[in-house]
Every structure is written in structure tokens, then in C-alpha cells.
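Listed below are the structures to be examined.
There are two complexes below, and they share chain A, which is joined by chain B in the first and by chain C in the second.
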Partner chain A sequence: MIFARRRNSPATVIHRLHPFSKMAAGMGLSALALCLHSPAALAVLLAFVFTVLAAARIRPTLRQLLSLLAFFTVFSAVNFVINHDPAHAATYTLRFAVFLTAMPMLSLTTDPQQLTRALAATPLPAGISMALLLVWRFFPLLAADVRQMRQAARLRDRGDISPARRLYRGVLVPLAFSVIEYTDRVTLALELRGFSPDVDRTCANRPRIGQADVMFSLLALTASCAAAWLQWGVGA
Partner chain B sequence: MSETMSSVSEVSETEKRTVQPGYWGTREYVFAAMTAAALLAVASIVIPLTLPLRIPGLTNSINGLFGSFFVTIALIRLRRPGSLLLITGIYSLICLAVSPLVFGFVLFGGLFGETVCFLIFRGYPGKLAPVCGAVLYEMAMFPAAMTLSFFFFPERYHHVAFWIILIAELVICTTSTLGAVLGLKVAQELSRAGKLQMEPMEQVEQMESRA
Partner chain C sequence: MINQAIQTLELSLRYSGQNARALDKVSLELSPGEIVLVSGPTGCGKSTLGLILCGAIPGLIPGMLSGSVLLGREDLSTLPMREIAGVLGFLLQNVEQQTFTDQVEEEIAFGLENFCVPAAEIPGRIEEALALVDARHLAGRQLSTLSAGERQRVMLAALLALRQQILILEPLAYLDQAAQQMLLRLLLRLAEQGKAVLIFEHRRDIVHTVAHREIYLQEGRLAVAPEVRASFPRIRQRKPGPTVLDIAQLDFTWSGSDQSIFSSFSLTVGQQESVVLLGSNGSGKSTLMALIMGLLRPTGGRITVCNHDPAAGALRLLARDAAFIFQHPDHQLFLPYVRDEVASQAAEPGAVQAELADMGLEGLEDRHPRSLSMGQKRRLTIAAALARQPKLLLLDEPSVGQDDLHLSRIICRLDRFLEQGGTLLTATHDRRVAEALADRIIRFQEQTAPEPAPCA
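== the complex of A and B ==
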């Protein structure tokens, strides 16, 4: 039991934070990024998100890093070609980077059990909370399924099928079947465990806002204030 | 005696309250969640490939092809009024964590499609209503996205002419109709494979009440 608890206990202080404090920080940073136009201000927000991800010991693989680098290079190059302004291109690229990284800050550091307990405390209907958790849990599985289906379709192709037909027959139809299969299995599993969308979920150990959450929120607020000062304070 | 009778009636009232099933069952919630996950999986592949090109409506038109495909299948399966709102509601709540802008236009698309389909078809019976619902959802998202984007980035969107939006809407309509028709075709295949019921709602309700 002790070993099980140790194995299940969150790894870092970021993992132990209340899911809603991470969600609030992520959404606040994304909303602020929409209003900022200065590359320096956006860089401050991005630096904060990277610091949080580093504190959570999240290290992307080399392949992920290269994919992100290629994507942002193309994104900034297209923006530069359209506007002929490097500052403008940098602003849009940094803003998009904040959007892409603020969300993983929550998803990569929150396990489904933590999120279930947090959602159980909200007035959301039990069915909707369960549906949100299922999307959270099955999105990576379905994304992996799509990748496998694309690869399988490419391997089966002998060059006599058009790409559109390959996409339809090789990816869309199997994905639709996969969605139905998952639905049947998950519904059966939930009903066997006595789940009902009409009855509220009970929870013995609800996550509470602690000192770490207050500290984290203050740090996020400081980063936001610093970014706002760089945007409106320095130039004004 | 009267106390016992009143307590018995209280118990039966409580039983009635607990036994009474809700509007949506577990299967419907799970199916809506899986559809939202499929929409998210497709969007996560399509959007990074199309967004850097910055052509107005390109992302929506390509995403519309796949989105309407899954939404049509889901509407054929769920059928009840409010189905589109359930799917888009779950999807938009997930998108809320990405951006409040995305939440806004996804929910607007769902509300618009749902309202029109409710007023015309009273739900999603037959084959036309699910196709209409999916296409309207995809088409309503683009103007909502443009309006919200203009509100936040006026310097970027003020030069987009009305005719560009109109052409983009036509392209979105074409691709999402194509996706919805393909979805209908696959739903028929799923029905033949015994994975999906395509009977009218009345027949399903009759079968449920008999069971």
C-alpha cells in the first residue's frame, strides 16, 4: 500500500497543484497573449510557461522538438512574407507558442483522477464531467490510432488509389468504426461499474487549494504584470 | 398508520426520482465524448498544416470536411433534439482550455445549427436533418471566428474584404456537405455492419419501451 501510494503520488510540486489553479493560469495567460503586441512581453509569458514545464520535469523528445521548430519556422516565415515586418512575425509566432504551451501545462501535469475529483466539486452534470474526462483520456489514443491508420493505408497503397480515396477508405472509415468500438466498450465498462449520468459522483478526497496554489497563482500574476508593464508601461 | 403511509409514499416518491432516467443516457454521453475526441484528433492534424498559410477560410474548409463527417454520424446515432449542442458543448469546453476565442465560435456554430434544425426538423430524423445540422455548424463557425478575431485583432482582419468571406463560406459549404454525405454513406455501412441503428426515433423509442 505504501509503495502503491508512493508510485501514484505526483512527482513534482506542479503535479500536486489543484487542476483549476493550473487551468486558471493557462486561460489567463492565453487571454493576455491575445491582447499583447510586443514580442518582449509575449516572450515573458512564454518563459513563465517553459519554467513551469521545466519545474514539472517535462522534457520533449528530440523528434517533438524538431517538429515544433519546423512548424514555428514555417509559421514565422509565412508571417514575414505576408507583412514584411520581423517584429510582426515574431509577435504572431510567440503568441501562437503561448497558446500551444499554456494548455500542455495543465494536461501533462494532471492525471485523470485528480481532474475527476476536481470536476466532482463543480455544479457540472455528472455526464458532462465524465464526457470531458473521456475526451481528455481518449484524445491521445484516437490521435495515435489516426497515425497508425495513415501509416497502414500508406503501406497498403500500391499506387493505384487516389490520395482522397486512400484518406476516405484508409483513415476516415476505420476511425468511425474505432469511435463506435470505443463507445461500446467504454459504455459497458461504465455501466458495469454502476455509473449513472443522473446521479452525482461521490468523492472521499477532494483536492483543496493550498499554499502551493497561492504561490503558483502569485507567480503567474507576477509574470502577467511584467508582460503588461513591458507592453504598456515602458512605451507609455 | 398514517405516518407509515406517508413514509411509504415518501419512499416511493424518492424511488421515482432516482429511477427516472435523464434526457441522455451513458451511451449518448460516451458517444458525444468520443465524437468530440475524434474532432479534436482531426483538428490537431489539420490545423497545424493549414494555419501557417493564413488563407481566410482554408482551415475551416479542410476541417469542415472531416468535422461534418463525424458530426453527421454522431447526429444519426443520437437523433434527439439537443444532440448537436451536446457534442459541440463538450468540444467547446475542451477548446476553452486552448483559447476562449475557439470556445466562442465552436459554441456559436453548435447553437446556430441546433436552433435551425430544431425549428425545421424538431431533432435529427431521417437523413437530411443530420447533414443540415453538420453543414450549418461548420458554416456558422467561420463568420463567428472572423467576428471574434476582428474584435481581438482589428489590425489583422480589417483588410479582409466581404467577398473573400463569401467565397470562403461557399468553399466551407461545399467541403462540409461533401464530408456530411460521406458521413451518411459510412453511417449506412455501419448500420449494415450492425454497429449503428438508422431507424426513425419513434421506432427506437418503441423498441426501448418494449425492452
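== the complex of A and C ==
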């Protein structure tokens, strides 16, 4: 899309990790966060996630940072009002922050194609991994479509219709058409490119577990052990 | 094993819910080593024919089909689409919805993987295909960073990597002149290798240089092809009036990129002036239009449009005086009827029928805009924009999807728009349009990629 922000994804070591390494780390950290109730222990997990995201050069904009800060401030305040316990509020806020950031370690640093290739190595049917790829690909396309529809709606706005009607006419109706057309076109394009869910495919570049994956997993394990020690080791 | 070309016998099709036949007793033949141009006015049935030949009709799209299609010696209706796709490649007009990955090599590999080409062979096939379309410089790029024309080239490479015997292409619409010439030379080479090529295109003048023959469709039937127009009516020269658009020292760089798209770019356009931005794919023409309309913010400099500052964010005020017609018309069509699309924008009620007639859309008033062909949709967006009587009209690639007759109509209507006091800024890679429309041509240089190297 010509009006989409152009950028090339930075190919950092985090981007090159096997998708399953990142998935396992994300799920493991989220599960551990459920068990922890020490703010210090949860802070260790969060620090690890932030370090990984920083290494992947994922930098939120100032606006995003301020929005997140405002959200977590309100979240902490509500927790504090309910429980009158600052430690409790901090625990819940940090736990929620770990949930929100752990899985994006995978989603923000993994191409859909990379994940599909990793899934292709599992006994999962080709149709399912392809469906995952299409859904994943669908959302950025949909977002780009919505952006252009909103731009088009704004460009023809003469102030004579209400915002709700403009949203319905200008975005929702074209979007519904866009989704239907996308489905039709994708089906046609898949058939034209020879895809069939019943037939095996080869894989040009299957991701492999490498030294970086071992190192990443060890670091994730170390962070988890440190958090567990802060929770159960220090006071015990 | 199918290794011969394609033949249709008395092929007719009527889409469900429509009275008229989209195709009516079309018989044609395509032999190995032959390049055949299929042309005709917009909505004449070219796309329908392509969809039948690749097995999508009636396989995926329902319709009442009669007659037969032979692929080699086999009846096409007995073959699954995957088997057809192994022999026949079809490059659709809208490449946006044919991509499944977000990286150039991955996209080319996708089809090869589907056909179980051994993994060790795939990198070589990718390199070979990119070289064929002179797109080696695009290797490693994200598809989202490519222009429409560059993406079309990558998709063509994805098709060529499969080494099919028959190619059906709708490829020239978004390609700039250099890419068109590259493609035509490539088609000749492919034909010499024995491949059969069917090319659906409005730009008959260009394809005639390589096509062995032409099949002309009119209202779904085979017809005698009219003479190719050597030139188009030219707009009348007028003395520019007061400044309508003023761009001073414009700088623009995409967020996250260190490559500047515009650096100290200045342009002034007066009332009743027609300025054409002529340049290759990815040279920044559409980006400039988005900046003028306030859809993007410049990183430096100043733009004034009809005394408005687009960067100030008062888009509603700006949109009263300036209209912008996007490259892809789908995003600008909102309403359930063609008539409503124009009526909702018209400054005067009487303008609706007149604008539709000027754009050759009479008789289609009660159709849903989404059911029109790409060229008709484009003309509908032009009709709706002109019905608003804007002071400034920004038109992005007006020739895409237009046959000669309708392109002439558009040019004549734009001449009247200028005569009525309007100002026109057009972005195109089509030299014919530039020559017909321009009081002044601003040439854009390639920004995102080097010029393609000549074919070996």
C-alpha cells in the first residue's frame, strides 16, 4: 500500500531464532507469572522480556509508551482501591504486563512464513498451517484497507453526514466487501499457485534449532530460576 | 502429460443473476510459441475468458458455461485446478491479493513448494526467475516496501519460476515504460522457447510490437479489432491563473527509513493548469499526492493547497476544494448504486447523469459499483470527483484499465474541467497520457531501486 509506512524489518538475532524457541519462552514465562506473587520476581521476568524486545529493536513510539503508562497507572489504581494493598496492586500490574509482553516476543519478531515453515515440520495438516498463514497475513492487509477506506471517507466528507453514518458507509460497508473479495481472491490465487491441502509440499528453508536458540532458552531459564529464587528462595 | 496449448470451441458464459452473456460463442486457439493479444473495451469479457481458461469458472465461480475448452488434448472441465496450474500460469491484474508471504524470495518459493520442487533446487529457480524479470535488485526486500509495479514484477517471477507451458498475463497496467519493454522482450524469449502466451491488455500499441495476432472482444463476442490509436486528443493550452498549489522546499522521508523521497522539492501550479508527474514505479508520485492531500505529513517544507495547509489537519476544508482519485478505485466506492456514488458528491443534481454519460457509464446507473470492471470503477470515481466541481483534481494513474476510447473520453472531460476553471495534477507512468494531458511535465527519477538492466 502506497500510504502505508514503509519499513524493512530489522533482522536481529531474535528474529532469526526458531519460532518454537520464542513460543516456548513466551508460554513458559506467562505460566510462571501466574504462579508468582512477589513483585520483585515478576519484575525479573518483565525485565527479561523487555531486554529481548529491545534486542529485537522493537521500540514503541512515545504515544504508545504514554498510552501504556496511562493504562497501567489506572490498572494499578483500580487494584489498589479494591484491595488497599500496594504490594497486591504491584503484583497484579506486573503479572498483567508479563502476559501482555511475553507472547509478542514471538508475534512481533516472527514472519508468518517462518512460523508456517516451523509448523510444517510437525504432524499438523498442511491446510491448518496454511490457514494460520492466511489469517496472519489477512490482518495487516485488512488494516491497510481500513486505513485507505478511512482516508477515502475523510476526503469525501463535506460535513453533511454524522460520524456514525460515515463510519458505516465509508468503512464498515466497504470493509465487508473487502473481506468477502479477499476470501474469493485468496482461494483463486491459492489454486492458481498450485496449493492443495491434501498434497504434500516441500520446504525451501526449514527453520532449525541452532546455538542461538540454546543460548536464548538458557537465558530464559536463568531469568525464570532467578524469579523463582526471589519468590521461594529468599524468604524460605 | 499435457504439453500443448489451448483451444476454445463456441464458448459461452452467463453469470448467475445476469441476463446478458459475459461471453458469447468465443472460439480461439493458442499454439505453442505464439503470443496472442486479447483486447477489447473494459467489461467486454476478457477477465471472464481468463478465469475460464484457468479453470476458475466454473470450478470456483459459478456460471452457466457452454462450449468446451481443450488444454492440449484434454477437456479442461475434467482436470482439477491444481493440474491445470502445473501447465498454465495466470497472473491476475491485482497482485496485492495474490501474495501469501511478505518477502520477495519467499513469495517466489511459495508456488515451487506447492509443486513439491526439491528444496535444494528452489534457490536456483528463484535466482533464475528474478534474473528473467530483471529484478535481482529486489531480492531480500519486503513486499510491503515495493511499489505496485515492482510487486507485479515479483509476481511475474513467481509465475516464471514454475516453468509452465502456457502463460496468461494481465501485466502491463502498473508497469512503467522500462518494465513494459523488459516484459515484452521477455515474452518474445519465452515464445522462442515454445511457451504459449495469452496477454490481456488495453495497451494494444505496446503489445502489437510482439504479438503474433490479436483477438478482439466486444460485449462478449469476437469482433474485428479497430485501428490502434496513435495519439489521443490533447488538452488545450491555457494561460495559468492564480496559484492553486504551492509546494516549497518539501522534504519527506518514510518513518524508519534513511532514504529521502523528497529533498527541497518545489512546485507551483496555477489555476487552469494541467501538470503531469511522469515517472517510473516507486518514484514517489503517489506519495507526493498523499502529501498534498494531508494524508502524509512532510518532514520539512511547506505545502499550500487552495489556501489551505494540509499539514494543519483541516482535511474537511481541504476536501471541499480538492479531490483525490486513488490508484485503486475500490476504496473510494461506498454506496449500493452507481447513480448514488455520483449523486452523493454532486454539487448540482443535474450533474449526475451528465457525468455518468461523459464517462461512458450510462445504462449502468442501477448496478452495484463493486460489480463493475476495474476500468469502469475507475471512471466512476472520476465522475464522482468531477461532480463535486473541485478547484483542484489529483488523479493517480488514470489510464489503468482504460481502453483507447474511454481514455479519450476521460481526456476530453478533463479538458472541459480545465476550461471551467479547474486545475489538474496527474501522476502517471504512461507517456501517452502525459503528452495528452500536460501543460507541463515534471519527471520523477527512480527512488527505491536502480533502473533495470537490459536483457541479455
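Please note the rule applied: the second predicted complex is superposed on the first by the 185 of 236 C-alpha atoms of A that agree within 3 Å, B and C clash if a C-alpha of one lies under 4 Å from a C-alpha of the other, contacts with A are read in each partner's own complex, and residues count from 1 in each chain.
Throughout what follows, a contact is a pair of C-beta atoms (placed from the backbone, for glycine too) under 8 Å apart; a residue touches a chain by one contact, two chains touch by 3 or more.
Keep in mind that this is a model prediction, so the values were computed, not measured.
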> What is the contact status of A:F75 with respect to chain B (first) and chain C (second): first, second, both, or neither?
Replying inline: first
> Which partner does A:L172 contact after superposing on A: first (chain B), second (chain C), both, neither?
Replying inline: first
> First (chain B), second (chain C), both or neither: which does A:V186 touch?
Replying inline: both
> Is A:F99 in contact with chain B, with chain C, with both, or with neither (first, second, both, neither)?
Replying inline: first
>> Applying the document's definition of touch, where does A:S30 land relative to chain B and chain C: first, second, both, or neither?
In response: first
> When the two structures are overlaid on chain A, which partner does A:L62 contact: first (chain B), second (chain C), both, or neither?
Replying inline: neither
> When the two structures are overlaid on chain A, which partner does A:A143 contact: first (chain B), second (chain C), both, or neither?
Replying inline: first
>> In the overlaid three-chain picture, which partner chain does A:F195 touch, first (chain B) or second (chain C), both, or neither?
In response: both
> Now for A:L132: first (chain B), second (chain C), both, or neither, which partner does it touch?
Replying inline: first
> Do chain B and chain C land on any of the same chain A residues, and which?
Replying inline: 134, 145, 173, 177, 182, 186-187, 190-191, 195-196, 199
>> Looking at the complex, which residues from chain C come into contact with chain A?
In response: 51, 54-56, 59-61, 81-82, 85-86, 89-90, 92, 94, 96-98, 100-103, 106, 109-119, 122-123, 141-142, 144-145, 147-148, 158, 162, 254-257, 286-287, 290, 293, 295-296, 315-316, 319-320, 323-324, 326-328, 330-335, 344-345, 370, 384
>> For the complex, give me every residue of chain A touching chain B.
In response: 23, 26-27, 30-31, 34-35, 71, 74-75, 78-79, 82, 99, 103, 106-107, 127-128, 130-132, 134-136, 138-139, 142-143, 145-146, 168, 172-173, 175-177, 179-180, 182-183, 186-187, 190-191, 195-199
> Where on chain B is chain A touching in the complex?
Replying inline: 18, 20-22, 24-27, 29-38, 40-42, 44-45, 48, 51-54, 66, 69-70, 73, 89-91, 93-94, 96-101, 152-153, 182-183, 186, 189-190, 193, 195-196
>> Touching residues of chain A toward chain C in the complex: what are they?
In response: 1-9, 111-113, 133-134, 137, 140-141, 145, 148-149, 151-159, 169-170, 173-174, 177-178, 181-182, 184-196, 199-206
